[in-house]
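Just below sit the structures, each encoded as structure tokens.
What follows is chain A paired twice: with chain B in the first complex and chain C in the second.
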Partner chain A sequence: MRLRVDGQEVETKEGALLLEVARVPTLCHHPQTETRGLCRLCLVEANGRLVPACATEAREGLEVRTETEELRALRKTLLEWLFLTTDLSLAPELRTLLEEYGGEPERWGEVPRRKGREALRDNPFFLRDYARCVNCRRCVDACGDGIMGVYALAMEGRGLLAHPTTPLDRPLPETPCVFCGNCVQVCPTGALRPLSLEV
Partner chain B sequence: MEKPSLLPLLDARLPLTEAKVAEAARLAGVPLAQAWGVVRYYPRYRGLPQGRLLVDDPVARARGFEALLREAEGTYPPLGLEALAPVYLRFTPEERYVEWQGQLVPFSEFRLPFALGKGGRLLPPEPILDLEGYRALGGLEALKRLGQGLLTPEGVVRAVEEAGLLGRGGAAFPTHLKLRAVAQGQPPKYVVVNADESEPGNFKDRFLLEHHPFLVLEGALLAALAVGAERVYLYVREEFQAAILGLEAAIGELREAGLLPLPVEVFPSGGLYICGEETALLESMEGRRAEPRLKPPFPVERGLWGRPTLVQNVETLANLPLILREGPAAWRQKEPKLFSISGDVAEPGLYELPLGTLLGEALRRAGAAEVQAVLLGGAAGVFTRDLAFPLRYRERLPLGAGALVAFGPGVDLWEVLEGLAHFFREESCGKCFPCPLGTAVQLEMVRRRERDPKLLADLAATLKGSLCGLGQSAHWAYQSLLEVEGAA
Partner chain C sequence: MRTTCPYCGVGCQVEPEVRQGRVVRVLAPDIPPNHGALCVKGRFGLDFPFSSKRLLYPMLRERKGAPLRRATWEEALDFGAERLLEVLKRRGPEAIAVFPSAKTTNEEVYLAQKLARALLGTNHVDHCSRLCHSSSTAALSRSLGGASMTNPLEDIGKTDLFLVVGSNTTETHPVIAAMIKKRVRQGARLIVVDPRYTGMAEAATLWLRVRPGTDLFLLNAMARYLLEEGLWDRAYVEARTEGFAEWQASLEPYTLEAAEEATGVPRERIAEAARLYATTPRAGAYWAMGVTQHTKGTATAQALVNLALLTGKVGVEGAGLNPLRGQNNVQGAGDMGALPDVLPGYGKVAEEGVRRHFEALWGVPLNPTPGLRMTEVFEAIPQVEAIYLIGEDPVTSEPYQEHLKAKLRALPFLIVQDILENETTPFADLVLPAASFLEKDGTFTNTDRRVQRVRRVLDPPGEARPDWWITQELGKRLAKALGRPWREYPHPEAIWEEVRQALPGMMGGITYRRLEAEGVRWPCPHEHYPGEAVLFRERFNTPSGKARFFPVHPTPPAEPPSEDYPFTLCTGRVLFHWHGGTLSRNSQLNAAYPELKVEVNPLDAARLGIADGEPIEVVSRRGRIRARAWVTDRTPEGVVYAPFHFAEAPANRLTLDALDPISRIPEFKVSAVRLEKVD
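After this line comes the complex of A and B, so read on.
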């Protein structure tokens, strides 16, 4: 199957995702979880429509553009908003991306923040530090449908301040958690991190 | 329902305790984590505000909001009461009331005054209290013909196609395309009436449900028979308690009269703006957080419980009996549309006008004197001063579901905009990234009266990338206000 990506003809197999043929940043996407289409960093223009490359299959003859002026504005702005609201000091690749897009978070002024939330130490293995959480839900998915089927994580609230929690907000040892570490493994920003790395 | 749904199980257990949440999860067959996510999502499980509440709609924002707020202990999102605004509610742990004409009227008894409706075809000329009243108006004729084989399911779809009916919920998608897609799908299939009207400024569906339930039900049944659905759900905004009771009574009457060809039931909504987004609506019916799904697949292919599902707006379906009675050509000649007109007009109300009526003419009907701007469509709408604008679909400005909120010369439009921005931030579900971030940023920008075109362009480009229509349209009003100011 052939399609065009930024003017170049590309060949790919049936059922391939646009992500496999387009070089775009991702954040919520992870090969082992079912989270996709959430962060919108991988949006591309396919035949003039905005679609997430991580959740859209390639089609014969599709015309894909990965770096229009609007898409650059979107990625730059999204990264700025993430840095403005969330502590991303443990996500160096996001910092690099912000710099690549020439982001200046301060230009947006004051906005409500996730920063400043207390880290939760409720188990001997890892921290839950939601000041660093971008809400990609990889952990929730890894714990539930995606990998483990344990369902020890749930989502709390709505909007900007929504974040993962445990059923009934219980400390992790009082939940079905088996401390497999998958949630820590898939967290892209260090919001979940092993206590062994804390000094 | 295929399986017991979590939301009704939780509703039956209010006020909730941890044990009751666990019990509801067990009965619904879902993990406690899912139930907890639901409980921490919907307002009525998290806990509703209490006391005297001001309905924070665009009209209240235009009438000295700060002073109005001083008389209240909190606010409540728009409730389809714009024609009566400003309105206060009273919430106690036992009951919710509308303060109306010096009385506290419980939600279960409060209907929009009948006199607000001004029309002829979609709006009843006099209150219809029962099935006989509806029949006297020529109701149920199409349904009868369908039952007798004088009209075929395909005949219904064809009539809708010839009429060219576009969805009245705001997206203006051709109705016959959805009907046909579901008709071609494999059973079991469902029809869901989207009666979760929550767009600020709109009260047309609320009025139809409260005063013309049989028309809505006949439309839904016609659609269900046309597509071969086995069940109809009416997903009704949970606060419209009187409408829910009226619908249940009407369904009962139809059933008793042997006129219900398939099961019909009411499903009280999750009580949030996002619940009106069709896939978020389906998620809530399936017992999850009302968060939009990625599309495709569309509900016509994989909707409720993964089955082909026709999701249609109330007003759209109410047009079906009309189209079949009048004939598509006659219907189309003077295509009826309901406009919810409120704000600075002498006679706010629900006006049935032919599609294409000029904005200025619509306002004149409602007795507008001097108008500095109109909010067209709602929160997902635009400010305009173009009174020569023809009110129809696929024009320069979005019609939305047909709300017109008029603002007189003294109104601070930025205050109105701040209300809309606040609404969007509160109603963002938080599933994708641009919307919760962007609506929070937008509210701060509006509060400081930010007019920097570069910031606004980037805000717009980013919100446009949101997962669903809520985020994608959240900046429209902001952008349009700057355009209106620039043109002044």
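After this line comes the complex of A and C, so read on.
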């Protein structure tokens, strides 16, 4: 099938996601975890409508734009708010992206930080530092349907209080967790990280 | 830098990040076989090379009773060669055994068996597969003419029904278990045959809780039922198999009623499992130690082979017969000829044509008599006077520990080549410190025949050297004294080049250069060939090209429960540990599972007044160990389950050394024990 991306004609296969033909930043998307459509960084304009490239299938004749003024402004704001509310000091790639889009988080003044909770150290292998979490859900999906089928992680709370944790917030050793660390590998912000990196 | 995980046979690709001499993080690349996923061992257990128990310099014992003392490499290698030559001269090649390691690389295994055969002239060559899948390989070899998974791991995504027998996959091959469970979430069915409520049983669509050791009866009954119902693949059986009529007649006693009686599984469920397996075209069988570690291990694996042939499942995409291999390079160790009856590539030592090929390559005459198997070698001490043991801890992993220790004490000369001190090191007369997987180059072959690179990330600590270097240096000294040729290799790649030359049809197309991108599966005869995914599509690797049915019948366990020893002890592994524990207990993993826990059914616990977490003693006719009771209905009534990873409480102090008559695998899955409370 053929479609146009930023004026260029491209060819792709049936069922392909727009993400496969459009070069756009992503955060929540991860090929192994099947997470999609949460962070909105990959929004593109398709026939005039804004849609997430990671959750939209390519269609014959579609006209896709990836870098309009509107999209740039949107991504800039999204990134600024991520930095305002979350400790992203262990996410250098996001910092680079913020700079690429000319983001200035300070321009919004003081906003409530999402969660100031202490890092949880409840197992011998990795810690959970939710002050660094952007709720991308990759860890939840890696643990559940995406890879392991273990379901030791779930989202809890709403709005600014929402974050992934264990069912009933139990310590990990009291959950079905098998400590495969696949959640740690897919975490984009260092919210989940090996204890061996700490010393 | 990318390398291959050294734990199980899945062969996950890993990228360990080393900072200041420590592994600080392990990531997995998005390539086969694991596509970015790992289990706890690969993710957090790769720090054992930094353990304080590393062997850092050679040590030797001048005479029995003397202490081990530090030696230079020169001194140690000369000493080893002299002692081996002395035994060879006095007693002949039959008095020497060489055990290459399924934890070392293909190149190292190839070299070690070459040293045994081309220099010492002995076929007493074997490896730890004797203790795990030797019964599967026996059954698969005689029926199909090949001993490996018939289907690739990618086929899991194309399989509509999994028949998993005696495999605690979620703990022993966690990444494969995750793939299977994911496929089941997409709608595939999962039939699990296991006495224990494992993670696989939890995910199963149909769980058949057989009594321990009755799988064979169940599988025979499934076959008989399918024949009766006409649910078998007549065309396949006629075109592709032989020995059917005789086998069919042998199934007479295995009615569903008799099977229910023998296995404890209701007849309707046996029939349902048989029906589902037979009527799903893409139905794959997977199995592990629950099938193999019995005195009827070969027979049980054979029953599974028979069932798959009856229903036309071999040589078919998404189906097949798939033994899940334990060690990182156990497939490769077999491929490279670490077996007493075959040379590299599985050609029999007894066949002149096979020998002639290797005689031409190595420039020496070869011994035509198959050697002893590992379990038999230990029995043959002190007729066997010298053992060159690489990367293995038989004191923890062999059955009936006290007996084995007595044998090792009676052994005149033992070389232990290992990376870490373990329970066998104290018995050594010569200790050769080896490099770990992080400190050398080479290849491992995983469970689905994929040859993958192992890359040097670090320098070996102290004076440790790669196994290939050690074997090469020892060989050099033997060759000089014996006046035999012995090639020297500058790098493992040169050894691999010789393997390609030795096995052109199997490995000819696999080069280090190709392995840069990702692993390649054998058989692979040409460099432009992708490697065979599904084996036996057209013909089997037997002289007639057909697969053969073999009638098999259950036999009772060697040591059934009795009044004094009323429980059946079943040994195995847990998620956090690896075999004898040499690796995992010297890693971060030990913190998650520091001591032995023995699973006891709540009904048995209540009867004996044992509380969860209470210390108990498990006692067999051969010894006793102390453990903590884990009261759980994972394990059925009358059975206790003990992992064998704990040197301070070794489950193999309890097990018995009864062997399967064909493969000589020990019956690790059934010994009689009693439980005692501790005051």
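Note that the second predicted complex is superposed on the first by the 198 of 199 C-alpha atoms of A that agree within 3 Å, B and C clash if a C-alpha of one lies under 4 Å from a C-alpha of the other, contacts with A are read in each partner's own complex, and residues count from 1 in each chain.
Here, contacts are C-beta pairs under 8 Å (C-beta built on N, C-alpha and C of every residue); 3 or more make two chains touch, one makes a residue touch a chain.
Being a predicted model, the structure only gives us computed values, none of them experimental.
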item: Touching partner for A:Thr85 - first (chain B), second (chain C), both, neither; value: first
item: Partner chain in contact with A:Pro52 - chain B first, chain C second, else both or neither; value: first
item: First, second, both or neither for A:Gly61, with chain B first and chain C second; value: neither
item: Chain B versus chain C as contact partner of A:Val134, first or second or both or neither; value: first
item: Partner chain(s) touched by A:Leu74 [first = chain B, second = chain C, both, neither]; value: first
item: Per-residue touch tally on chain A - higher for chain B or for chain C; value: B
item: Which superposed partner A:Glu156 touches (first chain B, second chain C, both, neither); value: first
item: Partner chain(s) touched by A:Pro194 [first = chain B, second = chain C, both, neither]; value: second
item: Footprint of chain A on chain C - complex, ascending; value: 22-28, 30, 35-40, 43-44, 47, 170, 174, 178, 181-182, 185, 203, 575-576, 588, 591-592
item: Residue numbers on chain A that touch chain B, as the complex places them; value: 27-28, 36-41, 43, 50, 52, 55, 70, 73-74, 76-78, 81-82, 85, 107-112, 134-135, 140, 143-144, 151-162, 165-169
item: In the complex, chain A residues that touch chain C; value: 31-32, 123-126, 145, 147-149, 173, 178-182, 184-185, 193-194, 196-197
item: Complex contacts: residues of chain B adjacent to chain A; value: 18, 21, 31-37, 40-41, 272, 289, 294, 425-434, 436-441, 444-445, 448, 450, 455, 457-459, 461-462, 464-467
